[in-house]
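Here chain A shows up in two complexes: once beside chain B, once beside chain C.
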Partner chain A sequence: MATVYVNGKPVDIGNEKLNLIQAAQKAGVLIPHYCWHPALTVVASCRMCLVEVGERKPDGSVAMQPKVVPACQTPAKDGTIIVTNSAKAVFAQQQTLEGLLLNHPLDCPVCDKAGECLLQDYTYDFGRATSRMIDDKFAPPNKPNIGADIALFTDRCIKCSRCVRFTREISGTAELMFVARGEHEEIDIFPGEPCNNKLAGNVVDLCPVGALCSKDFLYKHRVWNLKTQKSVCADCSTGCSIWLDANKSIVYRLRPRYNPQAQGHFMCDDGRLGYHYVNSIERFLRPMARRDGRLTPLPWTEMVPAIRRAFQNAAQKEAASVVGVLSPFLTCEEAYLIAKFLKGLSNQVRLALGPVPIVGEDDTYPKDRHGRPIQPVKFTIRAEKCPNRRGVEEILRHFQGEIISFNDVVRDAAEGRVQAMYLAAGYPPRPGGWVSEMQAQMIQRVPLVVCHDLLPSPVSNFAHYVLPSASWAEKEGTFINHAGLAQALYWGAVPAGEIRTDGQVFLDLLERRGLLHAATLRKELAAEVPYFAPLAERDLGEYGILLEKKTAEAGVN
Partner chain B sequence: MAEFEPVLLRRIVRKASPWLDAYRADGGYRALHKGVHEMTPAQVVEVVKASGLRGRGGAGFPTGLKWTFLPKDHPGPIYMCINADESEPCTFNNRILMEEDPHQVLEGIILSCYATRASTAYVYLRYEYGRSYRVLQQAIDELYNHNLLGRNILGKDFHLDIYLHRGAGAYICGEETGLIESLEGKRGWPRIKPPFPAVEGAFRKPTVVNNIETVACVTHIIDRGADWFKSIGVPPDPKNPRDVGSYGPKLYCISGHVNKPGCVELPLGVTLRELVDKHGGGVWKGRKAKGAIPGGISMGIMTEAEFDTPLDFAGPGKVGCLGLGTAAVTVFDEETSIVDVVYNICRFFAHESCGQCTPCREGTGWMLKIMDRMRRGQGRLEDLKILEEVGDNMGIIPGTTICGLADGAGWPVKNAIRKFRAEFEQYIRGAKKGRSLELVKTH
Partner chain C sequence: MPIADSDVKWVTAPKIGLMEQLYLPAIFEGLQTTVRHTAKTLFGDGAVTQQYPEVEPKLPPNYRGVHRLNRDEQGRVKCVACYMCSTACPAHCIDIVAAPSPWPDREKYPETFVIDELRCIYCGMCEQACPVDAIELTTLYDLTGLSREELMFDKEKLLSVFDETVKAGTDPIRTRAGRLSVASELPVDVGLTNSSSAQS
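After this line comes the complex of A and B, so read on.
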């Protein structure tokens, strides 16, 4: 057991190997830092984290080091004394901040980072109010095309080298580098080789100032107007924990949220930029029924009873010919409710797993310069491009013991053995779509098709009922990632138009009262399905709950 | 005191041939035979340690002690890096050694590698030293042909390869960890310590970094013994327990406003005045000296009144300089403006700061901007305070940077302001606004 003294306050740091920044954090003291990041190597070059350090000997005497030291580079040991508020440490921090601001353009009013900028925050907390430099600032030209999705505002850079280290250590692609020396130093790329790897967007999050900006978000919104919500990325089965930033129900950006059980500190650009369909104007906005071959709006109050009745009739005629298709984009709660509704009609009703989009193979990082993956793996973009296949499968397994594939159902439909089909789809757009034209033609032979989806598809062109689905950003629930990690999803935006969340529609179909409340349903689910039992007691917390003993084989950093 | 007989420059002053046959005829590689055949590596280290040899590169760290920091019984490989990135302004002693007597240097390298059990030595040459590169390479080829390099040197179980590596012209690559990074093919950014190079250096293996002149001294220490070496120079100051003495011959480079610039070999402890008047031929044009830089510009400035200071490892420190440095004396005469001197120094460091640590990267640039403005007649008296404060707060002495470049950048500035404050103030007050005094354009 090691005890460190932070500004005179003793803190037990246990047996963890911590540096002084982390040790001080345990005591609730912020040591300002730029270049240090827990996932990257230590370079101790920004010199923002200078503190006074000493040692308390067992006999109680105190020996302080004569100079300030960088906290990021100094390991915390038993008896280490950290002083962050002495005159010497404060002066060193002030000097460093004054240096950082010498050539900084102070263009906060037009800077994307303003409001969440560490240079602003630390200057406010630790710096001086004025600069003593009266000479011209050095203003190198910007590099708007340093990457397809990132722009470099060269003069804002404080040369912390986080981005450079990220591309070398995590993505391994090493596009970014420093050129020139001294105060003329700049971040740059090799000509013609822009920073376009699939993890490139992370350098924007890593940048403590507004030097590297996401072109997707550039000049879109002031960050203090954004509502930030905890969420889970739905783009692949890694299930990265994210922050979802939205305002007035428009999603503006996604940022990774640290989760050691899921993905670590980062997220990929596929997921980061893959949210645009949420704001798409092509989405279904109201429930529609087909009348005389044309889709016409029908209020939910009429729609839900109509569908319920139609499926009850079909089940009464021949229960085995009623089919529900549950897409792997449903939350566990939604899958549970729709399964409960359909199986409630008759136990003969068949439930199938919707198409699971697989694109290529798992993509691991770091890579070498030739794009070949190298060990140890620090980040994985999975080929399985859906967030909740495992959760939906477990529901299906519970309700009917076996998992029927989508292709089987489509074949049955082509052979005329399906009389009614409920497609709980909710698929985001993807090249080729979730259902092919040929499959759609086969499904067209089904006399009753309900398509519950986000966007038009070959099926919605002929479906008898088309229900608007809510995207993952607009609902709450639980996703189970590839490794069996249950993570909670929260409302990040209110769905547009007359869209109701899928779960709410299923509740209505079940004739259950009230509004959807994920935590209550999760409890019910946990009581009924043994696989989900660990979720009964508490909420899922920041990092989620691992439902399987097998730890994530994905490298977590 | 009898006239000092040059040791390191012995063959150079009489313009002897630099090649192997001539060097051997003059008793060359006697020390190597002695070392390899009669002594164990540990004994060689002991002799060097006993000689009190201190590194000639600038910091003056005891060489034998440095060698003992290597981990014992390391399975290897251990690397030897020879620092020939002689980039301190006005320093040119390594160049003379490499170009005129390469085998003296190579013998020292081989002996040092024998002592440290290093299997590979890299000579990191500054790019500008093209001739040194060619001469050394030719000398190395000669050694390979005579089985003094390669496998089983002198029939013993001792293998060594020496590679020359040319830098790309960066001052910072003379810093030992910057040198190692550059050698590995990376950007020459000094590393954070610990781990020190002796534990984890080049290619993450134990590494010793020594200066060319240091290894040249090793040759003679093994040849003539530690006692001979200790008979030259200055014993430690009994009043200063941290002083370990300054022994041995030293190459002093004299440049600037003197009649006879050049490189002379003298025992450590010669005074600056003797160096300038006797060996440099006095200040040029019959003028008086205003001051001098005792050992490369990063060490600070001595005024004329301080010229009686002995130039040993402890001497310059007594008059407020950082240390002996490379013992490259640059004299400036009374006509020189101290503002120009400091401006030029700032220009050098702003150009050479590697840009890693904030205080140095921004501080050197800021000091240059202030000095540039001062020379354009826009100086303010408070600028002197800023210069002093900035100079005081960068470097490893206050703990704000990784390497010592920032100490060297700040030291001469605050030194000059302290010693020549009246002249600075007079310059600022008397400046005509708007005049331009470009020495050379800033980069």
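After this line comes the complex of A and C, so read on.
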């Protein structure tokens, strides 16, 4: 047990290996820092974290070091004394900030980082109000094409080297480097080798100032206008925890949210830039029914009873010929509700798993210069491009007993053994689409097809009812990632037009009153399906709940 | 930097005496103006009221009327699309869409800049917030339109207000034809005096 004294306050840090920044964090004291990042190696180059350090000897005497030292580089041990508010430490902070700001252009009004910039925050909290610089500022030219999605505003850089270390240590691709020295030191790439790896977008988040900016978000909005919501990336089965930044129901950007159980500190560019379909104008905006071969809008109040009646009739005639297809993009709650509705018609109604998009193989980082993966793996982009196959499968296993594949259902449809089909799709656009023309032709033989989807597809061209689906950014629920980690999803945008969330439509089909409330439904789900039992007790928390381990333990008991 | 406690000066409201509590001296003081104007109208050299709209009033240069977007020396819009005005605006009447600027000396410019003149409360917070003195309130006051859309002033309209006011010589006090006027410069002896030069 080690005790550290932060500004005179004793803090027990246990047996953890911490540096002084982390130890002070435990005491609730912020030691300002730029170059240090928990996922990267320590370089102690920005000098922002200079503090006074001393040691309390076992006999009670105190010995302080004569000079200020960088907190990020100094390990905390029993009896370490950290002083961040003494005249010497405060002077060091002010001097460092004045030095960092010497050549900083102070173009905050046009800088995208303004509002979430550490240089702004620390200057406000720890800096001097004025600069004594009388010479002209050094302003090297910008490099707008340092990466496909990254622009470098060279003059704003404070040379913390976080981005350089990221490309060397996490992505391994090492595109970024420092060239020249001293005042002329700047970030650069080798000619013709831009920073285009699949994790490149993270350097924008890592940059403590506005030097590296995302071209996707560049000048789109000011950050203080964005409403931030906790969410989960739906692009692959890794299920990265993210912040969803939206304003007036338009999603502007996604940022990684630290989650040691899911992905760590970062996220990939596929997910980061893969949200644009949420704002697409091609999305279905209102429920439509086919009348005389043409889709005509039908209000929800007529649509829901019509579908309910149609499926009840079909189930009465021949229940085994009624099929529900549950896509792996549904939340667990939605899958549960639609399964409940269809199985409630008759136990012989069949439920199948929708197509699971698999693209290539799992992509692991870091990589070497030739693109070959290196161990240990620090980040994985999964080949399975859907967020909730595990959760939907578990629900299918509970209600159906087995996992019927989409291909089996399509074959049955081609052979005329399906009389009614509910496609709870909600698939994002992907080259080739989720259903091929050939599969669509086979499904066309089904006399009643409900297509519940985001965007037009070969199936929606002939489906008898087309319902608009809500994207993951617009609904709340639970996703289970590849490792069985249950994470809560919250809505960050209101769906456009007459779109209702899928879960709400399923509630209406079940003739259950009220609005969808994920936490209540999760409790119900946990009580009914044993796999989800650990979700009943509490909120899923910041990092989610690992279901696999818990259920394994429950099985042993 | 947060404001240091030593820089904050606390003052208390002065105590009201018996005479002030009666309010009568204040009433008579106010009536003096009325009496003076009445005397002027009856016996003096003319009325203080004006025959609007035949006679247009001459408004002080710090009047807060219709907005204008200033041009720089090269005739380009001065605005850098920083959203400070729309952030400061209490009526949320400013809508900006920013884009990378087509000019090499600037990074950002407003692709569109729309002010809803009907929603605006003419408080002048936008011109205070502007870091480049690009938006200003002019002395134009007679704002009429036949539809709400007509009074959604876009970038071209706001720039044309600038051209109009420059031509008419009715620049607001902060700038003169897009260049900063004395009012926006720091006083020579840094203090709170020197306010009279602002009126020049």
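Keep this in mind: the second predicted complex is superposed on the first by the 549 of 557 C-alpha atoms of A that agree within 3 Å, B and C clash if a C-alpha of one lies under 4 Å from a C-alpha of the other, contacts with A are read in each partner's own complex, and residues count from 1 in each chain.
The rule is simple: contacts are C-beta pairs under 8 Å (C-beta built on N, C-alpha and C of every residue); 3 or more make two chains touch, one makes a residue touch a chain.
The structure presented is a predicted model; accordingly, all values stated were derived computationally and were not measured.
Of the two partner chains, chain B is the only one touched by A:69; chain C is not. Residue contacts after overlaying the shared chain place A:222 against chain C, while chain B stays out of touching range.
When the shared chain is aligned, chain C comes close enough to touch A:109, but chain B does not.
A count of residues in chain A touched by chain B and by chain C gives the higher number to B.
Contacts of A:127 after superposition: chain C is touched, whereas chain B is not reached.
In the superposition on chain A, contact of A:214 is made with neither chain B nor chain C.
Once the two complexes are overlaid on the shared chain, A:167 sits clear of chain B and of chain C alike. Of all the residues in chain A, the ones that touch chain C in their complex are 107, 109-110, 124-125, 127-129, 142, 153, 218-220, 222, 224-225. Those residues of chain C whose C-beta lies close enough to touch chain A in the complex are 1-2, 80-84, 87, 98-100, 106-108, 131-132. Contact residues on chain B toward chain A in their complex (touch as defined above): 170, 172, 187, 189, 192, 350-359, 361-366, 369-370, 372-373, 386, 393, 396-402, 443. For chain A in complex with chain B, the touching residues are 42-48, 50, 65, 67-70, 73, 91-92, 95-96, 99-100, 102-103, 132-136, 138, 158-159, 161, 177-178, 180-185.
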